[in-house]
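Naming follows writing order (A, B, C and D), and every chain is counted from residue 1.
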Amino acid sequence: MTVILHTLGALPDSAAFNDCMRLCRQSDALLLLGDGVYAACPNTQALYQLSALGIELYALTEDLAAAGIHCEGTTVQPVDMDGFVELTERYSRQMAWY
Amino acid sequence: MPGLVECDKEGFICDLRQWTPEVAVELATAEGIALTEQHWEIIHLLRQYYAQYDSAPAMRALVKYCGRELGADKGRSIYLMRLFPGSPAKIGSKIAGLPKPENCL
Amino acid sequence: MTPQSVLFVLRHSPYGSDMAKSAIDAALAFAAFEQPLNLLFLGDGVLQLMPGQDGKVIGRKTIYKQLLSLPMYDVERIYVDRLAAQRHRIDLAAFPASVERVSEGEAHALMCDHRHVLGF
Amino acid sequence: MKYSILVMASPTAGQGSATAVSFARSLLARGHTLHNVFFQGDAVGNGLANAIFPQDERNLVGEWAALAEQHKIELILCISSALRRGVLDKVEAHRYERAASTLHPAFTIGGLGQLVDASANSDRLITFGH
């Protein structure tokens, strides 16, 4: 059952990040935004941890660009604001980690 | 009429430490309420609630608390409504010298 | 749990920000309006449940005391992150509501059982 | 679908409130409705009438106001958060004997009951933190 969209707006290794990692399940999706996008940095421990969850991973395009992160070729798919809304259509509840 | 303590224009006392039973009588009078034993029971209960929970009760909580502390016949909104007409939790709290509510619950 | 109910996920320490205060204000408002709700204390949020707090000395309201009033709003049960409660050594024996310690999997299931999840 | 939004982020710290206003515009463009937007904690700064933003940065107060006007959206600031941060409408300014209202007219000050209402009447309740 696809039920929870996690939105993560905090840096890797923050309490929010670690709690989010513990609570995500395969049925969920995770969207990185704000400071959360640093977890999409290629070749980092954070991205490795994220990828190991085996869930759909997204990151907000504008926050990636602001931070200077290029996640092409990783497990993280960039989404624009429309894509964010579309995720909230598909997932019936959101949990905001920040 | 100069009162015992300074109040704001809604009738809440400005310095909570100045509350005394005499002040309560004055605050009640301003609300058009003559305090009886039954009123005092609720006033003391409100102060006890505030000391215990660091918050003033909404109506729902006050009714339950009265029921627990004073017995089922007093844990009813109609009973509190008769003592403090209108909005018992709010008016009772004002007379009991609890902080002015921040919100409009 | 009714389909209308809301889960509050409390994740912050009591005085490090105003998140704990915002969360309990909101939870009591939902309860005052008789909306079904549950509270899940997760991660550092379990620190709100540490007994013996005194917010007065720093000019703040005491979060623990405010949480004690939950049963007055008919919130008779709270859910607590088992691992975090262990790590922070929180003594939950005196809490007046029934305390259900949950694993990550159970916490996730709890989120799925509610209509809305509010993370504070 | 019917959405409501809870904003917890200050307009000047982090990206939360900027993302929230863009998200709101997007969901409306996709044909959804927005029941209301509730601002709690530092997010009440989004409703400050006198906030001045540099010309080359986003004016979030203005963006919220434009959204509210165009789509008739209620923007509600939590009263207890607003009072302690000096965001007052005329009624509260009078009530607390302060010189002036500081609230942008596109916003209103309200109680948490309106968040309860948002929750009860929306298919989606989306939170934006700091």
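As a working rule, a contact is a pair of C-beta atoms (placed from the backbone, for glycine too) under 8 Å apart; a residue touches a chain by one contact, two chains touch by 3 or more.
On a predicted model such as this, the values are computed, not experimentally measured, just so you know.
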Euclidean distance of C-alpha centroids - chain A vs chain D, Å: 25
Whole-Å separation of chain centres (CA-atom averages), chain A against chain B: 49
For chain A, residues that touch 2 or more chains besides their own: 93-94, 96-98
Sequence positions of chain D contacting 2 or more other chains: 8, 78, 80, 111-113, 125, 127, 129
Chain C residues counted as touching two or more neighbouring chains: 25, 29, 115-116, 119
Chain-level touch network, classified as line, ring, star, complete or other: other
Pairwise chain contacts, counting only pairs that touch as defined: A-C, A-D, B-C, B-D, C-D
Of chain C, residues touching chain B in the complex: 25, 28-29, 31-32, 34, 55, 61-62, 65-66, 68-69, 72-74
Residues of chain D touching chain C in the complex: 6, 8, 40-42, 78, 80-81, 111-113, 115-116, 119-120, 122, 125, 127, 129
Residues on chain C engaged by chain A in the complex (per definition of touch): 9, 11, 42-44, 83, 104-105, 107-108, 111-112, 114-117, 119
Of chain D, residues touching chain B in the complex: 78-80, 83-84, 95-97, 110-113
Touch list for chain C against partner chain D, complex: 4, 6, 18-19, 22, 25-26, 29-30, 33, 35, 115-116, 118-120
